[in-house]
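Each of the two complexes below includes chain A, the first together with chain B, the second together with chain C.
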Partner chain A sequence: MKFLSDRALERLRQSADLPDLVGTRYQLLERVARGGMGVVYAALDETLGRRVALKVLDVPIADSDFARRLNREARVLARLEHPGIVPVHDVGTLADGRVFYTMKFVEGQGLDKHVEAVASLPDRLRLFLRICDAVAFAHAQGVLHRDLKPANVMVGAFGEVLVMDWGLAKILREATEEPEEDPEVTIIRASATEGSAAGETQTLQVTGQGTVLGTPGYMSPEQARGDIAQLDQRSDIFSLGALLRFLCAPPASETGSSAKWRRDKSLEAICAKAAANNPGSRYSNVSELSADVSRYLDGLPVSARKEPIFEKVARFYRRHTIPILLIAAYLVARTLILLFFHR
Partner chain B sequence: MNKVLLGLLLGAVLGAIDGLSAWFTPAVRAQLVGIVVGSTIKGLIAGVAIGFFARKVNSLALGILFGLAVGFVLAFIVARMQHGYYFEIILPGSIVGIIVGYATQRYGSAHAVPATTR
Partner chain C sequence: MENGSKFPLTRWSVIDAARSPDPDEQGRALDALFAAYWKPIYKYVRLRWNRPVDDAQDLTQGFFAELLERGLLSKYNPAKSRLRTYLRLCVDSFVMNEEKAARRQKRGGNVAHVALDFQAAEGELAGATIDAASIPSPESLEEFFEKEWVRSLFALAVEDLRKFCQERERERTFRLFEDYDLSGDPDVSYEKLAAAYAIPVTDVTNALSFARREFRRIALERLRELCASEEEFHREARAVFGSDPQ
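== the complex of A and B ==
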């Protein structure tokens, strides 16, 4: 009797895991990533002749909790038509019973990787503002993301910023007045646990009905406590605050040498206000947060911090250096003329 | 504020202040009113010229350079008419030209283009 080698067995197992796309318009190309609920593949849409990202559930049961969640994610994405949110193309069930949906294939890298190449703080803040735009749009549509973190933001090859992975999104209000079918009624976000990879969405069984999903360090305290009813857009604002902190950390190559900019008090105040433990102390909406970041970028005072008079003067000088120097030159010239020519 | 209007106002105000500074020169204090009026008119002319230039050429460096040139030339003409005080008139006049040139480029808004219909 001959046994299969481990390598051959692994290959067989992977082949068995591959989605059966028979009867669909898609042709499997390659595996791209693995998520909490399933796997994302690159596929070719044979009808339109374009590359798409195909997200397939692990479980081949179309009416399972995960299947409902994936369907729901696709529905959430479908209602969020925004340049900063990856668009969904199709949703369905494969011949093997697994639920799938296809979305735009984004060629790029996660923000956690991309940011290493962005050394300029203003450039990073501009990226953040674009994330805020997408999240603000989702909030305006009554959708909370609930899992905002660097790994869930993609930056495309042409600089496009896309907020991904809306699998944990919560719909605050349905346009069709259908009751919100939230699979996380009893879901609680896990707090940071030892041994968990940083930035990884945590899953923890809490009750027979729900699971805990979340990313330590990026989820709000109320989310971590499981106050599902209390969750509103300020919960995403907490995550955005944590994301802003992440973006304000200097690149690894510059740590220590030019880390001065990250200690800017105004920027720290914005981060602290956005990621305050008490939801009432945070920005009340994303627009307020992005407006403060924009003001910071423009060299203007931010609402998160009352600055002392000396800093106000210094800021005024920085913003109007040339006219101040010109007026000073004029006054100096006048004084010199007065002193040396009209005695 | 559009660039020409900004140049006009700034030129007039700075010109008037420039003229008022003659008060510190006792020899010409008696002619202060004439100096202020003349200096204001000089500032107005410089401001309008610099404002029009700023509307045509969108460059901070060229704006400053043009301001300096206009301020210098006008101040030189005034000094020639005064038969003296070249340095006292030309130096501040040129700096005023630079200030107006900078301000029109930096703070003046572009001329609004009316919407067209097809």
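== the complex of A and C ==
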């Protein structure tokens, strides 16, 4: 039996790991990231001459739960045509038996990294609203994401915000095609998603009735219990609430120093309502949540919190400072004039 | 047996087979385990326990006899650890017990018929990436054992691939694979190989693509046999083939 040197061992590992693209229209360019189910590569679509992202499974078992899930992810993405959701181009099986799909290649970074460079809270909230737009669209199509977290949101080089990784998505209702079954129980723990922040929680990738999937910290209690039948869009709203909390945390450089990052009660209330343990206490849909965040951004009262009277007065003053000051100045002047003439 | 003729997939893995009441199936399971693990275990005993060559040879053979006699595989719980880790810990425990009881001479009876190329293993150990003269940390020993296990698995898969190519009269494909992927020569290129074999570069590309695809398939089959569950198989496949997440 031939002895394999360390160099040969490494070469074998690398060459055997690379997807065999013989017979496809794609040419491999470079490895981009590793996800729970497989690896994402940059590839060149030789027919159309464009760069695409090629996601390929780790193991060549076309009838495995992993392969079914990857196929399913591609089909879910195909029905979600929205500027905030990465479009899928192609799906198939490679010569080495591994299932793959290709999608738009997005140059950018995960929200968890990108957010460090966004110092303004309103800018972060506007990012959040765009995420809400994409999720609301998916919900309108009857699709739950089930794994919303910062690492699964990509911010492109031109500011485009894309919700990624729909591998755990659940289809609530079928619009046209064949019924979509939830995959059977599969893997327990997947590796941390590439690009996630240090210490980021790991994705639990088990699906099926009574089993768990999602990411601790971003996963709703009903999802954590494996209560799959009870999942509806409010489960994603819980994740959005956790995501909003993440976005509202001050940058490391500003912690405890800047007044602008002081915890705001209205914003806290929005987070708390979205991420309430009881699904019935949450926003009933994503539009309500984003409407509340928009109201907050506009300086208006939010539905998640009943304001005390003095806060209402303060808010009224902040919104109408100039007219109030003008009226006050007029009244003072008028009073002074009256006093002067009555003396 | 050194090449560990592939385990017939009547059962999902060697663990299932080792727990079978059928002695033949048990024996085949042990063969498959033996083929993949004897070299890593021998090298591990030499380094971790600092044993001379003769002792390490006896202990390696004795360990597999113990594995069978004491039914250690049936005690393995895949939920608690990987098979590789379990075997390594069993080796540690076995060597410690042997030290105490000095029963080494009695061991090895059941597997004495196995002709192992200990000389080759010793030669390989000379080029080990771990310094035998130093006191290795538990982490480096674990890493060493894992690397040697992958080396053993890949060597078996390469041997299978050689036979596979021979059966299909694709010896040239295997030679190209050897020259490019196994030689470790950093200067080798598709163009140089094409010139050396007087064939077009596309033929080299296709041959290497075929060989790698089959190598991957064979190695995964071997790996699957050595895992106790599909979950462990996926995890190990990632560890063996996938690079670390960046």
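Following the convention adopted for this analysis, the second predicted complex is superposed on the first by the 295 of 343 C-alpha atoms of A that agree within 3 Å, B and C clash if a C-alpha of one lies under 4 Å from a C-alpha of the other, contacts with A are read in each partner's own complex, and residues count from 1 in each chain.
Keep this in mind: a residue touches a chain if its C-beta (ideal position, glycine included) is under 8 Å from a C-beta of that chain, and two chains touch if they have at least 3 such contacts.
Predicted model only: the values in this text are computed from it and were never measured.
Asker: Could you look at A:Asp17 and tell me whether it touches chain B, chain C, both or neither (first, second, both, neither)?
Answerer: second
Asker: Examine A:Arg7 and indicate which partner it touches, taking first as chain B and second as chain C; both and neither are also allowed.
Answerer: A:Arg7 contacts chain C only, not chain B.
Asker: Once chain A of both complexes is superposed, is A:Ile309 in touch with chain B (first), chain C (second), both, or neither?
Answerer: In the superposed model, A:Ile309 contacts neither chain B nor chain C.
Asker: So, does A:Arg334 touch the first partner chain B, the second partner chain C, both, or neither?
Answerer: first
Asker: Under the stated touch criterion, which partner chain does A:Leu326 make contact with: chain B (first), chain C (second), both, or neither?
Answerer: First partner only.
Asker: Between chain B and chain C, which makes contact with more of the residues in chain A?
Answerer: Per-residue touch count on chain A favours C.
Asker: Across the complex, what residues on chain B touch chain A?
Answerer: 21, 24-27, 87-88, 91-92, 95-96, 98-99, 102-103, 106
Asker: Over in the complex, which chain C residues touch chain A? Could you list them?
Answerer: Residues in contact with chain A: 2-3, 117, 120, 123-124, 127, 129, 147, 150-151, 154-156, 158-159, 181-184, 186, 205-206, 208-209, 212-213, 215-217, 219-220, 230-231, 233-235, 237-238, 240-243, 245-246.
Asker: Can you list the residues on chain A that touch chain C in the complex?
Answerer: Against chain C, chain A makes touches at 1-9, 11-18, 20, 22, 31, 33-34, 39, 58-60, 64, 66, 95-97, 186-188, 191-192, 194.
Asker: Which of the residues in chain A end up touching chain B in this complex?
Answerer: Counting only chain A, the residues touching chain B are 322-323, 326-327, 329-330, 333-334, 337-338, 341-342.
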